[in-house]
Each structure stands twice: as C-alpha cells, then as structure tokens.
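There's a structure below that I have some questions on.
Should a chain be cited, it is by its letter among A, B and C, assigned in written order, with residues numbered from 1 in that chain.
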Amino acid sequence: MDWLNAILQGTLLGGLYAMFAAGLSLIFGVMRLVNIAHGDLIVLSAYLALTVAVGLGLNPMLALVIVVPLMAAIGYALQRLVLNRTMGDDILPPLLVTFGLSVIIQNALLTVYTADPQKLNAGAIETASVPLGPLTVGIMPVIVFAAAVGVIGLLQWMFYHTALGRAFRATSDRQDIAQLMGLNRAHVFGLAMAICLAVTALAGVFLGMRTSFDPAVGGTRLIFGFEAVIIGGLGNLWGTLAGGVILGVAQTVGAKIHPGFQILAGHIVFLLILAVRPRGLFPRMD
Amino acid sequence: MPELLEIKGLDARYGDFQALYGVDMTVSAGEVVAVIGANGAGKTTLMRSISGLIRNGADMVRYRGNAIGALRADQVAAQGVALVPEGRLLFQSLSVEENLIIGGQMGRKGPWNLRRLYDLFPILEERRNVPATALSGGQQQMVAIGRALMSNPDLLMMDEISLGLAPVIIRQIYEALPGIVGEGLTAIVVEQDIAKALSVSSRVICLQEGRVSLSGKSGDVTRDAISRAYFGV
Amino acid sequence: MQTVSRSTPLSRAAMTVLLLIVVLMAAAPYWAGRAELRLLGEVFLYLSLATLWNLLAGYAGLVSVGQQAFVGLGGYGFFAATMLWGLSPLAALPIVFVLGAVISAPVAVLIFRLRGAYFAIGTWVVAEVFRLSFAQVAALGGGSGSSLPSAIVKQLAEGRDQREAVAYWLALGVAVAVVGAVFLLLRSRQGVALTAIRDNELAAKSLGIDIWRTKFTVYVATAALTSLVGALIFLQKLRISPDAAFSANDWTAFVIFIVVIGGIGTVEGPIIGTLVFFALRETLADLGTTYLIALGAVAIIIMLRAPKGLWGLVRGKRGLELFPLSRRVMGQGD
C-alpha cells in the first residue's frame, strides 16, 4: 500500500515537473532556445507571488492574477531587449547570456529576500485531503496536477488551433519565409517567451505552495524540467507530461527506498532512458 | 506620380559576396516585368532585396515613392509586396489550408480569399487538410502562389516558379497567370525559360554577373540581343 | 622563396616574457608571503580550469555547465586515494588523473546523445549525480564531508611552509602543463581538425574528420586534467564536502565568466580573464552578491557587444597573437 501511495504522490508531483518543462518545451520548439535561467525565473515568480500575497494580504492563488501577466511582460521584454540579440546559428551566445542571467537573478533574489527559506501560505487547503479507496490524496497536489493537465491542453490547443500557434509553427519551420508573411520574428519570439514565462509563473506559485524555496533552488528546477522534456521526447507536450510523471514517480519511489535517494533516483532514471531511448519515449521533433 | 517600384544603384551582398552591382530598374503599376539571366546572375538576390530578406541602403529600393530598401521583410510585406520564393519553401508543419491562411494573416483587403483560391486551384481544396509537403511539386507550387496571393499584394514577385516541374504543370500554372494579373496586380516574374518569360511579360530585364545587361519591351528585343545579354558573348 | 611561419616578432617576445614570468613565479615561495602564495596558487588553478573549459567550449563546441563534476571527482578521488587506499599525496595525483579519464569516457558516450544546449544541461545532471552520490559515501563523511588527516598532509613535507610551497609548485606546474598542452594540441593536426569542426562541422566531416571521436578525445582529456586540478584545489583547502566539491558557482560560473570576459576561443583569453577576475575579486569581493550580479552583467554585455572578449578587442583586426597559432606565408621581402 505504501508503494501504491508513493506512485500516486509521484504522479501528482509529476504534474508540477511537467509545468516546469512546458515552458522550456515551448521556447525550444519555436526558436530552438534553451534558457539556462528558466529555473531561476520559476523561483523569481514564487518570490513575486510572496511579495504580492504578503503585501496585499492575498491568497497566493489570487496573486497569480498579478504575477502571471507580470512575468509574461518580463518575458516579452527580456526576449526583445536581450535574447533576440543572441539568436543565430551559434549556440554559445544564448547559452552564456542566459547563464549570466541565471547568476544575476539568483544573486538579486539573495540581496532582496536573503537566503532564508520561504513558503507561500495558501491556508487550510494545503493540508486538506480526501480519501481515495485505501489511500488519501491531498487536495493541493491534485489541484497542481489538474492545472498542469489544463496548461498543457491549453498550450496544445494554442499551438495547433489558433493563429498564434500557426505563427509559432511557421516561424519554427522557416524564419525568413515567415517574415515574408508579415510576421515579425522578433515579436513572435517575444510572444513565445511571454507565454513561456506565464506558464513559469504558474509553476513558481505552485512550487511555493507545495514546498519551501530559497534563491538557490532554481538550478534543480531547470534540471527537473529538462529531464521531463527529454524523457517525454522533444516537441511533444503530452509526452512532457508523461516525462514529468515518470520523473516524479522515480523520485517518490526512490525516497521510499532510502530518503537520501530521492533526487538521485530521478536523475538515474533519466540517464537510463537517455541510454536506452536517446530520443525520449514519445519523440516528435528531430 | 512615382513609379510603383523604383530601384536605383542597388548593390547587394549575399554574405561576404557581392551579388548585385548598381542595378537600376523600374516597374510601373499594372505591368508584368520578366527578369531573366543565367544561374548566379543575381536574380534571386534581386528578389530577396526587394522583399526585404536582404536589407540594403534605404534609398536603393523605393516603393510608391517610399524608401523601403532597409526595411525588414515583414514591413515590406505589409505594404503589399509578396514573394513566391524559389524552391517554394512551404511551411512543413502546416497543412495546405494553414499555409494559405497564414499568407493572408496581415488582413489586407482585396479580391483574394480562400474561396477564390480554391476556385482557381480546385485540387488544393480537395487536399486542404494534408501537410503541405505531402503534395506533388506542382501542387506545392500552387500553394506557394496561393499563399502569396492571400496577402492581396499590389506587387507579386514569382521566383522560378517552373523550376523542377513537369511541362504540363508549368502550362497549367501559366494559364492561370492572366487571371491573376488581370485585376490591377503588378508582377515580376523570374524565369529561366526565355520564351515563356517573353510571352507573359510586357517588359524584360536581363541580369549578367550582377549587372543589368539588357532592358526593353518584351516584343522588341531580338534573340541576338538576348543571347548577348545572357551569355556576354 | 616562401616559407610558412607561425611565430612573429611579437609572439617571440611574448614567449620570452612568459618564460621569465614562469621563472619568477616558480621562485615565489622565496619572495612572497603566505597569503600571497595562497592567492597565486588559486590564480594558477583557476587559470587551468579556464583554459580547459575554453578548449571544451571555445574549440570543441562542447559547452559544458557541469565541469564541477570533475573538479569534485578529482577532489574526492584524491581524498579517497590518500585516506582510504593509503596512497601518498603525490602518488594519488596520477591516480586521480586516470580516474577522471576512466569515469568521463562512459559519461561522454551517454551525454553526447544530447545536442547543443541540451548537452549543457546534461553535463549539469551528471554533476548533480556525482554530488548526490558522494553525499551517500559514509567513509568520506557523507553529506558533511571530511578533512584531510594531518598525518597524510605531513607526507607532503614536514614543515607548514614547505608544504604550502609544494602545493603551490604543483598548482603552478599544472597551470604551465595545461596551457602548454592546450597550445601544443591546437598546433597539432588534432588542433587543426578541432578548428575545422568549430568553423564548419559539415565541411570537416567531408574532409574525413571523425567528429565524434575528436570531441570524445577532447572531452576525456579535459575531464582527466580537470580532475587533477580538482585534486590540487582540495589539497590546498585540506577539507572537502559535496557542496564545496560540486559547486556550480565556484567551478563553472566563475570559470565561464573568466573565459567569456577574457575572450572565448583564444589561448590568451583565459589568461587575461583570470587576471581580470582576480583583480576584480580582490577589490570588489566585499560587495558580495552585488559583485556577482556585476560579473554576470559584464559577461552578458561582453557576449552581446564583443563576443571575442577583452583579448578580441586588444587583438582587433591586426590579428595579434602572443601564442603563435596561425600560419603565415612569408614572402621573400619579409
């Protein structure tokens, strides 16, 4: 029964990881950009939510109304002002610039918020749970998982059924020809990053409600998201959700075997899948 | 009243390599101009320069009197200039219909819409939901032309639209041309097949090694003059 | 008559000056105070790390953000070899070098499946796996780490001054060896292959260069040398813990900033970057996080505005080279 419980908890945790991954997956799909600062932006969102929630006395869930558009705006500006200048055939500039950004965000958070762990307090809902057969599930993890499914479904729909998604796919295929259709590449990339950081904001707030966080935890979140993307297969959003779930289950089952084994178990499963299925379980993109 | 398109002293580079030297050319509203020349003469560079895919000095290209030489391709497109690029270059992740819709995404007003395009090329309506790259070469070329028309351009440029296609298909596409150009549309046609180029155009320009080697009315130019301009002999 | 020559009057002069500096530095234990000696030792270890990362990212196109994996592996390998297997510190160093090579080979096979930027994050995962694994090894102190017992330290030399001098000479020696090895590698046929791959992978392939093998060789050699540097870093510190040994900030972020600021893809860049980095650190380190924010910002600005770094600015269009790598065709008149 304990094992079943571990698998259930891991599955729900996987939803959070899929949210870390969805934004990464989107910007890689549209502009082949890998943002090393992605995890730090997740943590930045959690801190912004903390400031909004404490400052205005709001529930962190309501703080999303401010943090999501704010992060989207930051994403658009970041892309237009900084990252677009690094886009090209050479992978070094975007990598090193986002790496520098990661260090800047981490240290800025340290300066403003100190290294003390913080948590977003969502009230009674945090501890509420419902029985599910012989198991109990927390309401909060279920909400997070449902949100992840919702976000991925929405992104999928946006990508394949809206004008914006069409513009993303066209730009991803042939940047120059998309430009001939009147699509300004710089703007399209800005929109992709805005959506990425909107999802990131959601992920950050849920992270902050589930566990405590400090300025240094961003790197690990980037790695979890990245592992979910690679396990699921590049370019497949539903695959990313599956990747997140596999990673989450590996971690909770690993923790069950030995508490010090939790994160390591996730990494090992990732490396095993990389060894056996280098293109992930459900690849769609070359 | 300025000419629709006026090119003066256009020097264009392709990477480190200069492909055009001081090209002058004008296109008046409503005419069809053919651009001919051997491989590597600079025809595609000229098309890319006009459409903004290669950016040059602002004054080198004027459209309706405005300097557009330094604008980005999307800004040029918004003014009503469309290019059917060499090699078609359809979006492979988009269906046939999506390729057409995205051509019209700027929302410029004009005679062209999905309905009219499907009337012009009925096969495309039949295959509207398949990935664009699953079509035959000729059908892909129809999509590429349709995608450009969907933007309701005032100036339509077609770069080597018959390249690699069966003669029957080429004839089909060229038979559709009068219907397309009829409604006040101005066109530049880049073509390897000189006879074809002369038959559809009112004026012709020949490029040789990046320079204009001949320019005149399509009916007036002699075979001799063309072969001199073409090969430089 | 024409000859192909690499050296120029400038590079010959630079080599002479460099030789003098190395001699002067080798004598440092006789003229420098204890604190200065420590600082100089650290400078040489960072110079080695930067030169190695530059070879990896700037020449082989393998942008790793996980080189701390091998710094930590070297440090832990050194502690294990001396504390658990009873080797003397000097005998442990070659063992660490071999260990780095042996471990990095299967790692390379695995993470070379990831392309470009995803390769970078893959290297980070590997470093995390190493960190979490060493935290589980109780014999090396688990999560809290351990100190090198003084009996082992004393094997290096009797007195404290001599010990520190030996540790310093090892650091200087490894820096000279690393810079020299990278320079000679880049001059060799392998180096030409590497530059060809960097400039145009497709063309390199058509010339019959085995890209995977060339990159694999560079990755493994770099890992072995980075492990050796790691061993020396923790020989200087005398204390190791998983967080210190596998610190992404200390062994990767700083190293990347050094190379980017100095000039990526040049032999001179890491040297200049190291000097700038330590000059800044010694004057601004009191600022703490602000210093790091400034460092990150400078690196971003340099990457956007002057991607060839400070050395690129100095070198300009004239192609100055202190380390003669380019071949020049000399006519009769020269």
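We take it that a residue touches a chain if its C-beta (ideal position, glycine included) is under 8 Å from a C-beta of that chain, and two chains touch if they have at least 3 such contacts.
It should be emphasised that the depicted structure is a prediction, and the values quoted were computed from it without experimental measurement.
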Taking all protein C-alpha atoms shown, work out their mean, then name the chain whose own C-alpha mean is nearest to it. A
Would you mind telling me which chain pair, A-C or A-B, is linked by more contacting C-beta pairs? A-C
Rounded Å distance, subunit B centre to subunit C centre (Cα mean): 54
Centroid of subunit A to centroid of subunit C, CA atoms only: how many Å? 33
Report the inter-chain centroid distance for subunit A and subunit B in whole angstrom, where each centroid is the mean of the CA atoms. 44
Which positions in subunit B are in touch with at least two other chains? none
Subunit C touches which residues of subunit A in the complex? 33-34, 36, 82, 85-86, 91-97, 99-104, 107-108, 110-111, 219-220, 222-223, 226-227, 230, 260-261, 263-264, 267-268, 270-271, 274-275, 278
Provide the residue numbers of subunit B that touch subunit A in the complex, in ascending order. 51-53, 72-75, 77-78, 82-83, 85, 89, 91-94, 98, 101-103, 105-106, 147, 151
For subunit A, which residues count as touching subunit B in their complex? 163, 166-167, 169-170, 172-174, 176-185
What does subunit C use to touch subunit A in their complex? 57, 61, 63, 65, 110-111, 113-114, 116-118, 120-122, 124-125, 128-129, 132-133, 135-136, 143, 248-249, 253, 256-257, 260, 264, 289-290, 292-293, 295-297, 299-300, 303-304, 307
